[in-house]
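The two complexes that follow have chain A in common; it is paired with chain B in the first and with chain C in the second.
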Partner chain A sequence: MSTQLSLGRVARAVAAKDLRIEMRSRVVINQVFPFAGLVMVMFAFALDNDDVLTRVAGGLVWLATLFSLIIIIQRSFAVDTADGALEAQRVAGLDPAGIFIGKALAVMMQLVTLEVVLFLAAIVLYRVQLQSDGVVLLVTCVISATAGLSFVGTLYGGLTAGARGRETLLPLLMLPVVAPVLIGATRATESAFMSGGAAVSDGWPWVGVLVVFAAVFGLGGILSFGSLIEE
Partner chain B sequence: MNVQTFNARVATPTTRLVGAMAIASMAWVVLGGLFVTPKDVDQGDAVRIMYVHVPTAWVAYLAFIVTAVASACWLLSRKHSMGFDRVAGASAEVGVIFMAMTLLSGSLWGRITWGAFWAWDPRLTTTAFLLVTYIGYLAVRGLGGSLEQRARRSAVIALLAVLEIPLVHFSVLLWRSLHQNASVLSGDGDIKMDGSMLTTLLVGVIGFTCTFAWLVMHRQRVLAMQDAMEMTQLDAALRERANESSRLK
Partner chain C sequence: MSTVVDFRDAVVVFNGFPALAEASIEVQQGEIVLLQGPNGAGKTTLLRACAGLLPIVRGEASVLGVDLCVDRQSVRPRVGLLGHANGLFADLTIGENVLFWAQMVGASNVEVAATLQRFGIDGRLSQQKVMQLSAGQKRRCALACLVVRRAELWLLDEPHAGLDASARDEIDAIIREACAAGATVLIASHELERARGLATRSVSVVAGRVVS
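Our next item is the complex of A and B:
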C-alpha cells in the first residue's frame, strides 16, 4: 500500500489548514473586507455621478475584488513562508499539485465570501437592480471568475513566495494575466444587472471565456506549481 | 570555467557577418525610407514611420517566440543547458526594447493619421499587455537564487505568458466587437504599396532582424560571462574560507 496521500486528501487538508488559520486570525475579515468596502466608497467619490455608478457597478466590484485578491494571496503565502511551512509541506512528501489545489480552494472560499459582500454593497451604494433571471448568470459568473482568479493568484503567489520585493512583484506579474477575467466578469455582471441596456443572454458567452480561463490556469498550475516552489 | 575563454569568443566571424549585414540593411532603410520612397497619397510623409514600426513589431513578436521556444527547450532537455536559459533571457530583454519602440512609433503614427495616440484595438492592447508581461518576466529573472532556480522559474513564466497572450487577445477582441463596430486599423490591409516602399519595408524587416540577432548573440555572451564570474567569485570565496579554516588548525 502506498503511503502517499491522495491528491484530494492533500488538497482538502491544505485548504482546511488555510481556512482554519483565517478563522483564528481573522485577518481577511477584519482587514481585507473593510479595505474592499473602502475601495467601493472611494470609487463613488471619484466618479461622483449616480447614473455612471449604476452603469459601471459590475466593473467596480471586480476591480475591488482584484485589489483584494493581491492582499489575500500575499497573506496566504506569508503564512506559509514565515516559518518555512511551505518547505515543511514539501519535505513531508505532499504532492505540490495537491498543495496548489488546496491553497487555491481556500483563496476561492475567501474571495466568494468577499464578492457576496461587495455585490450587496453595490446594490445598496450604487443602486443596481438584480432581476431573478440575472441571478443564475451572476452566480455562474462569480464561481467561474473566482476559480480563474484563485488559480492565477496561487500560481504567481507560489512563484513570488519568499522572494525579495514580492509585495511589488506580485501585482506586476498577476494583473496582466487576470485582465481577461476582469473583462469577462465585468461584461457578464453588467448583463446580469442589465446595466446600459444589456440583455441577460449577452452575458453567457463571457462565462464561457471565464470557464476556459479557469481550466487553462488550473491545469497550468497543477503541472507547474511543483517547479515554481522548488528551492 | 574561466572568464578568459569568454573574452576570446566575444567577436566570432558569425557575429561580425550578422553585424555587417545589419549595418548595410539599416543604411538602405534610412536612405530608402527617408529619400527614395514616395510620400503616401493620404498620409504624406507620416507613412515613413512604417519603415520602423512594422519591422520593430515583427522583431518584438519574434523575440518572444524565441524566448518561449528556448524556455521550452530548457525545460524539456535532459541536460538543462544554461545556454537555452541565457538565450531566452537575452531575447526577452531585446524584445522588450523593440516592443516599447513599436508602441512609441505606433502611437506617434496614430496621432498623425487617426488623431489619437491610442485606440483600444485588440492588436494594440495585446501588444501593451505583452510588454508588461515580459517586463514581469525580466523581474522574475532578477529574483536571485541559483542559476538553475532562475532558469526553472523564468521558463515556467515564459510558457505561462504564451498561454496568457491568446486569452488576452481573444477577450479584447470579443470586448471590442460588442462595443465598437469597426476598429480603426481594420482598413489597413487595403493599402496599395509602391514597389520601392515594399522593398524598403522588406529590407527593414531583414535589417531589424539582423540587429536583433546580433544583440541577442552579444547579450547572451555577456550573460554567460556574468554567470561565470559569479561562479568564480563563489569558488574564490569558498577557497578563501577553506584556507582560513586550515590556517586556524
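Our next item is the complex of A and C:
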C-alpha cells in the first residue's frame, strides 16, 4: 500500500523540484533578470530626472518585480502542465496544500534573488541612499511583500493553469489583487530610503499591511488550492 | 483474490453529458482488463472515475475498497493513471523524475536504482533530460514512476500510442511484470490485436455502458 508523506515533505520536494528545474533551464536567470533590468533602465530613460528617479525608485523596483512575477508564475505552472505533471500530482493524491506551499516557496526564492539585484540596480542607476536605520525595514518589507506576491501568484497560477488564454488571464486577474502589495511595499521602501522626506518609522505600518496580506493569501491558498486544481 | 474495481450502475456526468451511463464492471486483483470501444464511448471517463477524478452522480462505485461516492481522495495515492500525457517534468532527468515520486512515498534510493535498472533506464540514460528522450523511453520512465509510487491499480489510456514495435513489446513486458507483482491493470486501447494478447479479459464500453 502506498504511504503518503506529510505536508511539509511534499512542500519541500515540490520546492526542490521547481528550483532544480530553474537551475537546469535558467529561464529566470537568462530571461527574467534581464527583462527586469531592462524595465529599470527604461524607467530611467523615460523619467530622465535624478531627483524624480530617487524619489520613485521604490515604486519602480516593485513594479519591475510585479512584471517579473507574472513571467515566473507562468513558467512555474507551464513546467507542470506541459506533460500533465500537475494532473499526475493531483491523481497521486499529493496534499494540494503541500504543492501550494512548495511552489510558493520556490517562487519566493526566485523573487528574493531578483529583488536583491533590482535594489542594487536602483542604488546604482537611481542613486538611492540606504541608511543603516532603513536596512531592517527594507529587509522586513522585502520578505513580507515577497511572501504575499508568491502566495497570490501561486494561487492565481493554479486557478488559470488549465484555462484557455491563461497567458493573458493571469495578469488580468492577479495584478488588481496585488495592488495593496505594490502600494504598501512602495511606501515602506520609500521610508527605508528616506526619500521625499519620509522617516523610517513611517514604513512600519505598511509592513504590517504586507504581513496581514501575506497571511490572508497564504492561508487562503492552503485551504483552497486543492479545489482550484480539481476538475 | 480481492475485488479491486467494483462499479454498479455508476453514472458520471461530464460537461453536462452522461459519459458513463449506469456502467457496471468488476475487476479482480492481478487482472489485466482491456476496455475496448469507439471514441467517445466512455473508456477514458471510466479510467478517470476509477482514479477518483470524476464524481459518481448515481449508482455505486468502489476502488480498492474505497467507496468513491463518499471519498474520492483517499484512493488516489494507491492508483496510477497514465493518459495521453506522461506526467513527467521535461527539464528534469529520468532519475530526478523517478526520485521525485519516490520521495512522495518514502521509497529508498536502492528502490529507485532497482526500478531504473528493471526498466532499462539506468546508467547514463538516467542522467538524460526527459525532453531529450524518445516516446518509448518517456513511457518507460512514466511507468517507472508508477512502480516507485507503489500504485496498486494501473489505469492506462492508450499506453501503446506513438510507440514503435519494440517499445510496445517493452511496455507489455512491464505491464505483465507489474501484474505478476500484484498490481491490477485497466487498459483503454484501440490497438485491439496487441491489447487482447496482453489482457486476461476484455470488455466493451458502448455509449457509457460496459458490455462483457
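Here is the rule we go by: the second predicted complex is superposed on the first by the 229 of 231 C-alpha atoms of A that agree within 3 Å, B and C clash if a C-alpha of one lies under 4 Å from a C-alpha of the other, contacts with A are read in each partner's own complex, and residues count from 1 in each chain.
Rule of thumb we're sticking to: a contact is a pair of C-beta atoms (placed from the backbone, for glycine too) under 8 Å apart; a residue touches a chain by one contact, two chains touch by 3 or more.
This one's a predicted model, so the numbers in the text were calculated from it and none came from an experiment.
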item	value
Contacts of A:V216 with chain B and chain C, given as first, second, both or neither	first
Touching partner for A:L169 - first (chain B), second (chain C), both, neither	first
Touched partner set for A:A85, first chain B, second chain C, both or neither	second
A:P205 touches, of chain B and chain C: first, second, both or neither?	first
Chain B versus chain C as contact partner of A:A185, first or second or both or neither	neither
Overlap of the chain B and chain C footprints on chain A, listed as residue numbers	231
Partner chain B, residues of chain A touching it in the complex	155, 159-160, 163-164, 169, 172-173, 176-177, 179-180, 183-184, 187, 202, 205-206, 209, 212-213, 216-217, 220, 224, 227-228, 230-231
Of chain A, residues touching chain C in the complex	1-5, 9-10, 13, 17, 20-21, 24-25, 79-80, 82-85, 87-88, 90-94, 231
Chain A contact footprint on chain B (complex, rising order)	129, 132-133, 135-136, 139-140, 143-145, 149, 152-153, 156-157, 159-160, 163-164, 167-168, 170-172, 174-175, 178
Residues of chain C defined as touching chain A within the complex	51, 53-54, 73-81, 83-92, 96, 100-101, 103-106, 129-130, 145, 149-152
